[in-house]
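The next block holds one structure in the form of structure tokens; read it before the comments.
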Amino acid sequence: MNGFACKNPATVQAKDFSFTGLHIPGNTRNAIGSAVTAATVTQIPGLNTLGISMVRIDLAPWGINPPHTHPRATEILTVIEGSLEVGFVTSNPDNRLISKILQKGDVFVFPIGLIHYQRNVGNGNVVAIAALSSQNPGVITIANSIFGSKPDISADILAKAFQVDKSIVQQIQWRF
Amino acid sequence: MNGFACKNPATVQAKDFSFTGLHIPGNTRNAIGSAVTAATVTQIPGLNTLGISMVRIDLAPWGINPPHTHPRATEILTVIEGSLEVGFVTSNPDNRLISKILQKGDVFVFPIGLIHYQRNVGNGNVVAIAALSSQNPGVITIANSIFGSKPDISADILAKAFQVDKSIVQQIQWRF
Amino acid sequence: MNGFACKNPATVQAKDFSFTGLHIPGNTRNAIGSAVTAATVTQIPGLNTLGISMVRIDLAPWGINPPHTHPRATEILTVIEGSLEVGFVTSNPDNRLISKILQKGDVFVFPIGLIHYQRNVGNGNVVAIAALSSQNPGVITIANSIFGSKPDISADILAKAFQVDKSIVQQIQWRF
Amino acid sequence: MNGFACKNPATVQAKDFSFTGLHIPGNTRNAIGSAVTAATVTQIPGLNTLGISMVRIDLAPWGINPPHTHPRATEILTVIEGSLEVGFVTSNPDNRLISKILQKGDVFVFPIGLIHYQRNVGNGNVVAIAALSSQNPGVITIANSIFGSKPDISADILAKAFQVDKSIVQQIQWRF
Amino acid sequence: MNGFACKNPATVQAKDFSFTGLHIPGNTRNAIGSAVTAATVTQIPGLNTLGISMVRIDLAPWGINPPHTHPRATEILTVIEGSLEVGFVTSNPDNRLISKILQKGDVFVFPIGLIHYQRNVGNGNVVAIAALSSQNPGVITIANSIFGSKPDISADILAKAFQVDKSIVQQIQWRF
Amino acid sequence: MNGFACKNPATVQAKDFSFTGLHIPGNTRNAIGSAVTAATVTQIPGLNTLGISMVRIDLAPWGINPPHTHPRATEILTVIEGSLEVGFVTSNPDNRLISKILQKGDVFVFPIGLIHYQRNVGNGNVVAIAALSSQNPGVITIANSIFGSKPDISADILAKAFQVDKSIVQQIQWRF
């Protein structure tokens, strides 16, 4: 389905249903101070057609998981360690920001397709485990999709959309 | 379903399945030069649970329908009049821009949840008719959701996400 | 899915998501004075699994789009030009005809699987754009399916079903 | 869902999941020599959201279950007693009749939304048990929907659709 | 889908949609006095993606169809002959047994995934016809799955789960 | 849906999408040495219709989460702490046990409806976080459903199903 083949049930093995590595901190030494380690159908072939997947999210102090959406999944997340601000924005016309600061053991839901983010608001690292309601949820990082596409979206369009000078758009595009 | 009740089949009437007004040009005298007129379950109660809806899109010369997503629907569009640039960006990690300039009679598809936009690239008005694979597709205009939410997403987060100075973020937020 | 393969996301192109030709009037010089031009997964491979498609409907003055159903889709339609009578019949036991004369800009819904028709009731041509909630909706023209199948349904069965003489059934079958 | 409420799981009882009467022959003393006894969500409230239902079909010698469709369900049928001709017609453009004479113990499938019929081709009664892939499958008897709707579909439309004289259409409508 | 390919619609034949043999009593000369004859996508290729299947259940006097579940289907059953006790158990925390003695013509529903059983409580044979809301419903016989898996589930686990001595578990495992 | 109402989108708040407490160890001082803390639609109303939920699983040394199924969900699990044996049994006729000993950071999948278990095989406590592909997955603990239903399943049935003396069945039933 969607390019992933199904194995013969008679020959599947435990390794087709498992993955190792969610205990390993992702490398957060990057511009946004965060990393996501995924266990989706790409890593676990046995997930095909089963409608779920899991990820680990690491955030260095003040790191962010920048605004993004999952085109095919709702996300549910729990904080394993640290203090994490989370938020999603409701669709037009309200565009309400629904946000909360989560502590260890708190759970939060990001409904399918809505833009959401996470930010470490503590002094230590944040570790979170999240699950998604698709074996192949997809991720769209808004900044990359808008300002870092290949090729670029025309700067005229973005200048008008974000109500800024075209030069600012081009400056941002240059960074992505 | 999702807050919309179903009517008794014995008492439904033609007006429960119809809507008037897709022939009326939307008012494009706004900052982005475009307008969308919707016929979803809000306007047509008989659409409930049926998984489809329709909209008219108007764009003044060089107007844009700024980057947005539909959290619960794929969109298919045809140009009735004018020249229309359309594009969507694939999800991470590729972020490929798939775009095309459409003329009258051309059809284009925006897969569920992906960020897409339209721009009038002709000298006259553009009129397009689009359909969406949900009776309640939702719309998330990226700029409004990111820079115009109520309350604001913290400028720190956006500055880091878009790799710009916090002052630029605040300037954009101030406009929304 | 259902015999249509999915392409590798890395190699899709704009042409996999587009179609040209909905501006071209269909040839209505036929017995029923109408024509349907389709943009489904057959024409647009990128539609696969996305659950939507689009068609153009042309009707000469007094032409009809004869009673038919879509086995896998709800339809939503808008009139671009002309005056169009539309109707669908509810299921047993009520068999209520829900009908309406639509003008330019009116929208109407035909719920999944119900028998419906369109008729041009004006002096000019009718052009309508419709969308369907499946990439592969299927069409069953009732008269062709009932009286024009290959091989024929036994005339005895149809005579009893339609409560007419077998000779009338055979006469109709002979025309299809 | 669709007008049927769900009961509190704590108070459901065996009677919410059962129905009595599929052993009772339906009354086939009618114009078509057949009767269908249904066990759907209307008779069994516990079926709601569960996606299945069951019916008994009785046919007197040479009786027919006239051409019909189920807008929301595939049907699977087995013959308990008698000889039964069954058939369905594939969708446009092929309109192939796929038919077979079934004996006791034979099973046949009618795919969702396709027009199908049954005819007793033996000297005794036929009893069949069928199941449908929806708790609320709906039935559209083609002749009733086309010629017996309330109000009538215009005879002009039907005359053109079936390529017969308007007088024949009116004659048929008068009988329904 | 799930390893079953779809045929080209142009070449399907009646035999792709049919199966012979539900009139033949299953062999109930076994430890549990029952047999199930299935007509699923394995026997009827045309069922693929259509979401339904059918089975015949035979029970010798006092035979049982032991507690089992269908991981992907709701079941609806009707008694053709005999007296049949049926029951299912609701999920945690209530674990209510919903049961009923069915006579010829009675219908009963087993909701998706719940453990259920049937027992012949009459002096003659029982014949039942059941349908399932999947073309590939799967069957999990609880005793076989728990005590007869290959390799065995550790006896320690089962002893604790069923609150019995490990020796009793091993005795049961030895029989499966 | 299924007895859970949807809130008005305009009045939802962060608390409708959150839950506190997955950091608190469940009380494992019970016969099986394990506890499950759930965050489903019962605890988080905003999950309704979104198709996902999350749980924390605690196991004391040698504690077990006894064989059970989720009638409406696939499960994906990761070990936060400890050594955990996991296994599921494939459906008839193979009844293969697919099992694995997981360490911290390992992920494992239990496909929808299949019987599965977990056992702490280390000297310390095990903590696992799991997600399920339904907001209302349900849990059926096999032993409770089979031997602890209210009222009891007849001991005769269970004796035959598990191929043991009726007295052993009654002994087990007495404990539940």
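In this document, chain identifiers A, B, C, D, E and F correspond to the written order of the chains, with residue numbering beginning at 1 in each.
FYI, a contact is a pair of C-beta atoms (placed from the backbone, for glycine too) under 8 Å apart; a residue touches a chain by one contact, two chains touch by 3 or more.
Computed from a predicted structure; not experimentally measured.
Trainee: Subunit D and subunit C are one sequence twice: same or different residues at the contact, by the over-half rule?
Mentor: Over half shared, hence same.
Trainee: Copy of A-B's interface among D-E, C-D or B-C, judged by over half the contact pairs being the same?
Mentor: C-D
Trainee: Starting from the mean Cα coordinates of subunit A and subunit F, work out the distance between those two points in Å.
Mentor: 27
Trainee: For subunit A and subunit C, what's the span in angstrom between their mean Cα positions?
Mentor: 42
Trainee: Note the residues in subunit D that touch 2 or more other chains, in rising order.
Mentor: 1, 9, 94, 111-112
Trainee: Quick one: in the complex, what on subunit C touches subunit B?
Mentor: Contact set of subunit C toward subunit B: 9-10, 12-15, 17-24, 39, 44, 46-47, 50-54, 56, 73-76, 78-80, 90, 94, 98-100, 102-112, 129, 131-133.
Trainee: Applying the document's contact rule, which stretches of subunit F touch subunit E when the two form their complex?
Mentor: Listed in rising order, the residues are 31-33, 62, 64, 66-67, 69-72, 85, 87, 89, 91-92, 94-97, 111-115, 117, 119, 138-154, 156-158, 160-164, 168, 171-172, 175-176.
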